[in-house]
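Below are two complexes that have subunit A in common, paired first with subunit B and then with subunit C.
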Partner chain A sequence: MTAESTTAENVQRISMFKVLNPFHVWALGVGIVLVGEFMGWNFSVAKGGAYGALIACWVIGLLYSCVAMIDSEVTSTVAAAGGQYTQAKHIIGPLMAFNVGLYLVMAYTMLEAADALIVGDLMTAVAAATGYEGLNPQPFVVLTIAFLAWLNYRGVFMTLTVNFVITLFAFLAIIALFVGSDPLNPGSVLKHSELLTELPYGWIGVVAALQFGMWYYLGIEGTCQAAEEVRSAGRAIPLGTIGGILTLLVAATLTWYVSTGLMPWQYLGQATTPLYDAASIIGNPSLQVVLFIGTMFAAIASANGCINDAARAWFSMGRDRYMPTWFGAIHPHYRTPFRAIIFLIPIAVSFAFTGLLDQVITFSILSGLLGYTFMSINMMKFRKMWPLGVIKRGYIHPFHPIPALVLLGLCSVVYFATFLGYGASLLSIMAFYIVASVWFVMRRYQFVKRGDQFTMPWPRPKGY
Partner chain B sequence: MIWWDILSYAAWIISGLLLLWILADAISVSREFDEELLVSSREGADELLEQIKKEEGVR
Partner chain C sequence: MSNYIPKIQAKRGQLFDSLFVLVLVYVSLYIPLFLESDVKSVEETTQVQSHSWESLGVSVVEQEQWQKLGHDPASAAEIINNKFDYTIDPVMLAITALVIIGYFFFVLRVSNKQYREVINEKFNGTNQQSGTEARQ
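On to the complex of A and B.
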């Protein structure tokens, strides 16, 4: 953990603390995602029925397994904040990097706003249950964002330690629900034989369900943002990321199994809090309390991880002058990207105050999807420019190029699925990024010092 | 119920205090420290890079 380092030219430099371990990386990735198990994934049931949702769960699970493997390999060589933005900068080029940076900031900031909205809505629900109708959720939305921003501002170690504790609780809540549903005696509590039906809208319904299958895993790629603060990027990032995707595959499958065994697809497809509803149907009050706290913790952990990741992506863009350098500052005591954290607070609050949870989440998912499409191309170029053995890798993913090709193919199918349900949103998001790209090329790129962006001591790429 | 009204006001007040603290600290840090130092960080390095340097040194 270096307080301040001095380079060969005797220039004082400030750096982030390297204090994180694989458990923090796991907490960052799983923490961002797990709220999707508590709510959101079930919209896939409305599109494809129970079996359609299971196909979406596993097909999108395959997509994210490819994401996790690719991310683990590339990030184990790039010990820098910024995640996929930094990868794009080194491997593809400035315009791609700018776009990927924007995808990351938009995806995480919007997801953070959605998480805060969920906390506010849960408080309103508790108030209604205690006889106080119409509680304004806004003070609780702002408190969630303000408290988590304060935590992030004060240091990454405490931020992600808190995330580890509350994420683990939320994961154990899902396990408790599974155990409480008496899975060893099918038919006693879980009624799959009565509730599972054929595909209600055929295979086109299954394709449409894929978009909502992303809720099970959206955000696991966020582990990369911790690369500059882990003690060893080569070891911690692959361990935390692969451990994270395995956790999510288990959690997603258990979630589907318990929910579809308790609720008919017509109800499940539009439920707001399906896991809490499942606990209510089982009728165990302790389980209900655990699932309520689990839902609350999952939303808070997700918002916490999103603040961490969005701030690091924004900070990295500032450090490379893709955005004003002012944002590239590190706090001299807490060693956090403090100005990036502050800058994103009003943006998250503004998104949250719109109250448009659906639109906010759709924008977040589409920004993530654009990022995954980039990752498949990125991986192909990475192996071509720096073949195995040329640079040290902390993790080498197997079967290359199959995961990259599978990822690209699955992303194309999900674009089609998204177009079916949210065509206008997809086109408007594309238009937003095209306009932003034009601004970057025409106005911003002149401020970028090309040589200063590349400080990683990598060998010259093959063919250059 | 008055309890929820109190809780709502408390949430606004705590949020305001936290955001004010963050803002005040950021301003004081920006005044106290040189801007060049605050924006002086470079992309990180870990033990893999150290290993590469050592190997290159051996060659």
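On to the complex of A and C.
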């Protein structure tokens, strides 16, 4: 069978393999995020001090708990590749779906670029430490993205099995660091009583810290992209997602506790590899090696998961003609969205080489935030249009509509936090999504088959 | 009620559309560079000529940790004296809020109109699988 015959028109005949279990879903979600514990979260310390970062960790933890609850219910009911994109298509409408698809592709592709840069920088640091100063990191960036894209091309089972192993190692590295810091004897290694200060910028700094507090959890919602490839969406998605958010809450708290007990907040706020620095201060060479490998694995796992998710979102948009149909193809042998995977390789590399890491990361965070805002609206509409009992749900989250309302409120505060630090980038990124939306309405929507946008075997939605 | 028959896009059009989105992304990445500097940081107004741990207000324990991290008073001062400025421009805040709210209002309103077309075609359509499609 030729690749040509696998385009969107014949997608009913060739579908992706259903081979994943809850551990793969956990590996996908936690794998994307855990690098944020090794680096990135600490910029919230610079914004609001150590206590400001802890408050951000918990407040944003609440935001992501709402995300995980909502995601688990909607994804276990709308089990298809594209995750939130497919949900938007079925619940809100094509333009929202197009935007959500773009949020996903942009958030993951830009995060992937940042991850690859980390791998390159780590290789340069190792070379310098072993006497090879001035090693160019760029070939390692390209190599990392190319290798992971190849892995993704060859099949989702191997991709996420690898992710499970390296993510577990990275998580255990954080546990090892915690144990190595002698937490049972406060004051011996960890010096919180001397290093923790009052809020350096007051409460406005705490609000500003929320922007980088997202780094603790950004990407956990990516578990939804596996919905079409899990053996049982109703079981695997809620288990993997909620298990993932619990893992991240533990990892984030331990990370904050160890780091703030070892480093002055001003240093911590600008450190490139804070957990590796923490291991260096402790002075245990084995721990340093473990943290170095953990940092490397976390960055690779994140890039790997990002390729997986960005490609599936792009593929889904191509399949539905929101983007060119050429991308809506599944590989006849490996059953992966191979064209979308290949197309996004040079784009991720080019993002990595722009030299605009700040803007790239802000684009990624803001795209994620726009997606969470959508999710709160989506959840309220979902319950209204198909009340409980009307359709079969794989999981029903408790306390509705409180999680959706809390999520909406917290998203508003994080927009304000982003405005405080990156106001111009915020407006520029909003301009991108506004122009893209107008372009979709004026040009792309003419290629979209209206009736094909609703594929779930559900009754007519209430109110329509 | 007849179903909407979408146009089929030629290969050249598909390529153009893919490139259009890419160009749009790059433009939005570079725009902030042409606007005012995003990360607002100000140096301390009091410029200290020669730094010491005492002049930086660093405790003995903090000093030990800075030294373990390979810093002397001069290099630590560069980090310690780099402060954020959280002054809020109310006009810019109002514009930003309006842009975000306006964006969601527009997307939800248009989506709702499009969704009604989807539902009408899905549940009222006479021809579920349209065989022929118009060529662009």
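By our rule, the second predicted complex is superposed on the first by the 452 of 464 C-alpha atoms of A that agree within 3 Å, B and C clash if a C-alpha of one lies under 4 Å from a C-alpha of the other, contacts with A are read in each partner's own complex, and residues count from 1 in each chain.
As a convention for this text, contacts are C-beta pairs under 8 Å (C-beta built on N, C-alpha and C of every residue); 3 or more make two chains touch, one makes a residue touch a chain.
Every value quoted in this text rests on a predicted model; they were computed, and no experiment measured them.
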| item | value |
| --- | --- |
| Combined model on subunit A where subunit B meets subunit C, clash or fit | fit |
| Touched partner set for A:Ile345, first subunit B, second subunit C, both or neither | first |
| Partner chain in contact with A:Lys392 - subunit B first, subunit C second, else both or neither | first |
| Degrees between the directions from subunit A toward subunit B and toward subunit C, using C-alpha centres, nearest 10 | 110 |
| Partner chain(s) touched by A:Lys47 [first = subunit B, second = subunit C, both, neither] | second |
| Which superposed partner A:Gly409 touches (first subunit B, second subunit C, both, neither) | neither |
| Contact breadth on subunit A, by residue count: subunit C or subunit B | C |
| Partner chain in contact with A:Pro186 - subunit B first, subunit C second, else both or neither | neither |
| Partner chain(s) touched by A:Val230 [first = subunit B, second = subunit C, both, neither] | first |
| First (subunit B), second (subunit C), both or neither touched by A:Trp326 | both |
| Superposed arrangement (fit on chain A Cα atoms) - minimum subunit B/subunit C Cα distance in Å | 13 |
| Residues on subunit A lying within both footprints (that of subunit B and that of subunit C) | 325-326 |
| Complex contact set, residues of subunit C against subunit A | 3-4, 6-9, 11, 13-15, 17-18, 20-22, 24-33, 35-36, 38-40, 58-59, 61-62, 65-66, 68-69, 71, 76, 79-80, 82, 84, 86, 88-89, 92-93, 95-97, 99-100, 103-104, 106-108, 110-123, 125, 128, 130 |
| Complex contact set, residues of subunit A against subunit B | 11-16, 18, 76-81, 86, 127, 130-132, 135-136, 139-140, 142-143, 145-147, 149-150, 153, 227-234, 318-319, 325-326, 328-333, 338-339, 341-342, 345, 391-394, 455-457 |
| Of subunit A, residues touching subunit C in the complex | 46-47, 88, 92-97, 99, 102, 106, 191, 194-195, 201, 204-205, 208, 262-264, 266-267, 270, 277, 280-281, 321, 323-326, 343, 347, 354, 356, 358-360, 363, 373, 377, 415-416, 419-437, 439, 441, 443-451, 453-454, 460-461, 464 |
| Interface residues, subunit B side, partner subunit A - complex | 1, 3-4, 8-9, 11-12, 14-16, 18-19, 21-23, 25-26, 29-30, 33, 35, 37-49, 51-53 |
